[in-house]
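Below: one structure, written as structure tokens.
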Amino acid sequence: MKLDSMYQDIILDHYRHPHGKGLRDGDAEVHHVNPTCGDEITLRVKLDGEKVVDISYESQGCSISQASASVLNDLVVGQSVDEAMKVQETFLELMQSKGRLEPDEAMEEVLEDAVAFAGVSKYPARVKCALLSWMAWKDATAKALSEAPVPNEEGA
Amino acid sequence: MKLDSMYQDIILDHYRHPHGKGLRDGDAEVHHVNPTCGDEITLRVKLDGEKVVDISYESQGCSISQASASVLNDLVVGQSVDEAMKVQETFLELMQSKGRLEPDEAMEEVLEDAVAFAGVSKYPARVKCALLSWMAWKDATAKALSEAPVPNEEGA
Amino acid sequence: MTQLQGLLDTEAIRKDFPILDRLVHDGKKIVYLDNAATSQKPRQVLDALNEYYERHNANVHRGVHVLAEEATALYEGARDKVAAFINAPSRDEVIFTKNASESLNLVANMLGWADEPYRVDRDTEIVITEMEHHSNIVPWQLLAQRTGAKLKWFGLTDDGRLDISNIDRVITEKTKIVSFVLVSNILGTVNPVEEIVRRAQDVGALVLIDASQAAPHMVLDVQSLGADFVAFTGHKMCGPTGIGVLWGRQELLEDLPPFLGGGEMIETVSMHSSTYAPAPHKFEAGTPPIAQAVGLGAAVDYLSSLGMDSIAAHEHAITEYAVKRLLEVPDLRIIGPGTAEDRGAAISFTLGDIHPHDVGQVLDEQGIAVRVGHHCARPVCLRYGIPATTRASFYLYSTPAEVDALIDGLEHVRNFFG
Amino acid sequence: MTQLQGLLDTEAIRKDFPILDRLVHDGKKIVYLDNAATSQKPRQVLDALNEYYERHNANVHRGVHVLAEEATALYEGARDKVAAFINAPSRDEVIFTKNASESLNLVANMLGWADEPYRVDRDTEIVITEMEHHSNIVPWQLLAQRTGAKLKWFGLTDDGRLDISNIDRVITEKTKIVSFVLVSNILGTVNPVEEIVRRAQDVGALVLIDASQAAPHMVLDVQSLGADFVAFTGHKMCGPTGIGVLWGRQELLEDLPPFLGGGEMIETVSMHSSTYAPAPHKFEAGTPPIAQAVGLGAAVDYLSSLGMDSIAAHEHAITEYAVKRLLEVPDLRIIGPGTAEDRGAAISFTLGDIHPHDVGQVLDEQGIAVRVGHHCARPVCLRYGIPATTRASFYLYSTPAEVDALIDGLEHVRNFFG
């Protein structure tokens, strides 16, 4: 069934057991929505110099957008900002491929679990769901890099 | 030729030699335009009690609108306002007939030369041309009846 | 499949709609249950469009040649048809717009620029409801921001009805306009027009009714509604996209200022000043949606030939059946009235904690087209504490078998995410 | 009939346009010379409309089912096509409206509600020209009335060109917006864009170009024009009625406020406030003209397949021939440039003192469709002291034989009223 290419087990697992969900202390916070469907995410990043030490989030949305935030947390926390940006770009490339891109080994190495989203790229209406958290992360990171750190109280 | 039913000789005669054209002293003045084509008329009526003693006008427009103003002047000047309104209504009825009304004797008696416009009623775009002066006259008359007479200077 | 009373002859009707034979996802016949978003178009409407373009196309008004006269007669003839369809006292009260959203914005803008007594400005109030479509919220928010007027609204009861218990406090002497939806596109609720109109009239406020979800489905009689303006949209009632209607009372259309300026809406123009044509032309700037009006005229003919009462009866039967069957699905919660009384044929629901996007996706795979999301009525989702709903909506060609397909599909959804 | 250089293969092209075989007035084949009012539609465009309605019709965006995805892809695909057609730097700069008039009003309204530095209000100036279509006059008159801004304009020379000798006095530091027509629909004049844009940029004014009579006939490259906004309309360029375009520079579209509020144009809505989607959606409230955009996309494909340069060359040849032959007609006076240089394919004229309505009527009787009146450009008629003109306007399917038919027809008119 074609559906299985979108709803891979890996995706359903992340959806049912999201990694890193919840809001914790961070250097910058953003709120993104997908006007198409109303999915929403509040996301914070915590950096330590060049390193992404935490991505925390509160979100509401479909399995795809939930799973994708969980995978984001998995892949990016612990990386340097530069490495993480490369992961983000690769994920973006995969999602914009309209199902025409067969992830190669190099891509699999970068994206790990996230290659499971290849099937989603065939469904234009869902691509935005998959990208919501990634776009929010990129935005929050840019903010964190340009701003003074958020004091703890504000993060509460 | 079908055109001849619109451009009857009587109409072309009135067009080439309009009766009563020019602005003279009046009790009320109106300015009407046909937004469809830009035809314009400035028209004054002079009443003496219940009697229409003059219809004077300055106008710009096609043969149909020019001829119809001339015929209006012919038919209505000298009549009582009541009689004149009846002529106007009959003309309106003819023009709105979409070419489906064959003027009978009674109508011919009321409309005289104006029955020549029967052919125009087949051309929706031209009906407004034919009615322009008649609508202006009706409007001016209503104004004259409801207003104090226009002093001579204003009429100049 | 069940034997329901009052159904239309859908077997014959469905032959008029080519798209209903469309196969999707490896040969499944489409089950189109997204009619509140847009309806499908019968052959008769497509024929009218083709006939217009292939034989009569010209710009309207201002032309003396055959095509221009024919196009004008067709365009103005469509206005006559729409006027008759809504029982308008005069054809000149029917304004063609591009969609219901433009119709609603048109009224908001007219009132913002109007003279007294209609002018909305500081110290005046605008009243809407919490179940409005965004197209009947945002124009009023913009007007309120730009004029300083205050925006107020009626809330909702837990079972998806308008809460008008506080009507005398919501609609007051300061209210200039009350704008509300006749049939909600998300809840399906049919609202109590009479009571609201009466109160508005008592305080001298104008009333605008958003009939976008009513015109396609029931008899719409603007005179018996008693409102001042009624807006609706062509594409939901078997007509083409790109055409909407605003009906307004003649005196108001005469008194109120124009909105868009341009060709067709003028009487005379000089560089220094312009005067405007009488309504409806005053509100139709530029080349109108000519073919689309002609198509809407054909749609209105089509609907009338079936009879709006019969259409309403058909949909009522389908809705009653659908509500009953949906309530049998475990974990399914209807958002909106839980019966078929005073409700239209759009039914929103949630299914456990499966997100509507996922519900819609799995239904789609089975060829069943529903809409998911906030349906341009996000305040309703906020009100009921849900992110979104799945909405199935029916029309004159919907069948009990399609309801059954939906129920089976939902079973499959539950298994998939179970 | 004459042998002209640079003509298209009209014999083949005319087969694409079913209406050109239409017989009128007892079997006369129509000679359609009213293309500046609206163009005819090729089979390819009608096929695209039918295909859309018969196979893919659904409301766009917000849908996860097959039809909604297909309709969205087709609608957004049309945006890509239009963006490529006008060489827009980004597809998101292409806004679909209902016609050029809405596009022009949209800009006027955005500027009226904008923040600094764009805001038009008291103490600022708006610049247009005396040869504008009413749709590019009235919106600015309304804006001037409503904001207190001053409306100024360029006058015309005796031979139908823009008089920009006083450009430094007309466009000043107070000017916020300069809006002018690229090709006049009444005079046929092609205006000098570069000089006006340069002066506007010098004083920091925005530039809006009305390309309604340019887009159908020549290469339209928004980047080389250098303007901030470009407006045009679908029905004059082989597309359906009910669709127009506004192109605008991305930064501006981001900064400027929305116009119509409603579904599709929002990001998030609560009863208390709303935020807006990014352009182009911010300016597309409500269900868009979906089928019409798809049709316009097909029209753009059709035009591109012929080549805009080839179309321009064809029309230039026809126009040159028509000007030459018209000037041979006794008592005929061309209103507008008397040569084919820097002019489009619309030619206005007067014929002695025979009123244009009468000219048009007698031509119609011979199957020749021209437009008569002030062509929504009454100030031009006032400027040249004439009540109206007769206008013949050509397009890609026009032939020299049709020019000859017009000349014969005018001879007949002269005899009839002689």
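Letters A, B, C and D mark the chains as written, and numbering starts fresh at 1 in each.
Please note the rule applied: contacts are C-beta pairs under 8 Å (C-beta built on N, C-alpha and C of every residue); 3 or more make two chains touch, one makes a residue touch a chain.
Just so it is clear, the model here is predicted, and its values are computed rather than measured.
Looking at chain B and chain D, the chains that touch each of them are C. Two chain pairs, B-C and A-C, are compared here, and A-C has more C-beta pairs in contact (counted per touch definition above).
The chain with its Cα centre farthest from the Cα centre of chain A is B.
Between the Cα centres of chain A and chain D there is a gap of 45 Å. Per-chain Cα centroids separate chain A from chain C by 38 Å.
Centre-to-centre separation of chain A and chain B, using mean CA positions: 77 Å. The set of chain C residues touching two or more other chains comprises 25, 62-64, 68, 266, 268, 357, 361, 372-373, 378. Taken residue by residue, chain A touches two or more other chains at 36-38, 123, 126, whereas all remaining positions touch fewer. Contact topology of the protein chains: irregular, matching none of line, ring, star or complete. Under the touch rule stated earlier, the contacting chain pairs are A-C, A-D, B-C, B-D, C-D. Of all residues in chain D, only 18-19, 22, 24-25, 30, 32, 34, 37-38, 40-41, 46, 49-50, 53-59, 62-68, 98-102, 104-105, 108, 113, 130, 133-139, 141-142, 146, 151, 153, 233, 235, 240-244, 258, 260-266, 268-271, 273-274, 285-292, 357, 360-361, 363-364, 368-373, 376, 378-379, 382 touch chain C in the complex they form. Of all residues in chain B, only 33, 35-38, 40, 123-126 touch chain C in the complex they form. On the side of chain C, the complex with chain A involves touching residues 25, 355-358, 361-362, 365, 372-374, 378, 381, 387-388, 416-417.
Partner chain D is touched in their complex by these residues of chain B: 1-3, 6-7, 12, 36-40, 60-64, 66, 123, 126, 129. Looking at the complex, you find that chain C touches chain B at residues 61-64, 68-69, 72-73, 266-268, 277, 281.
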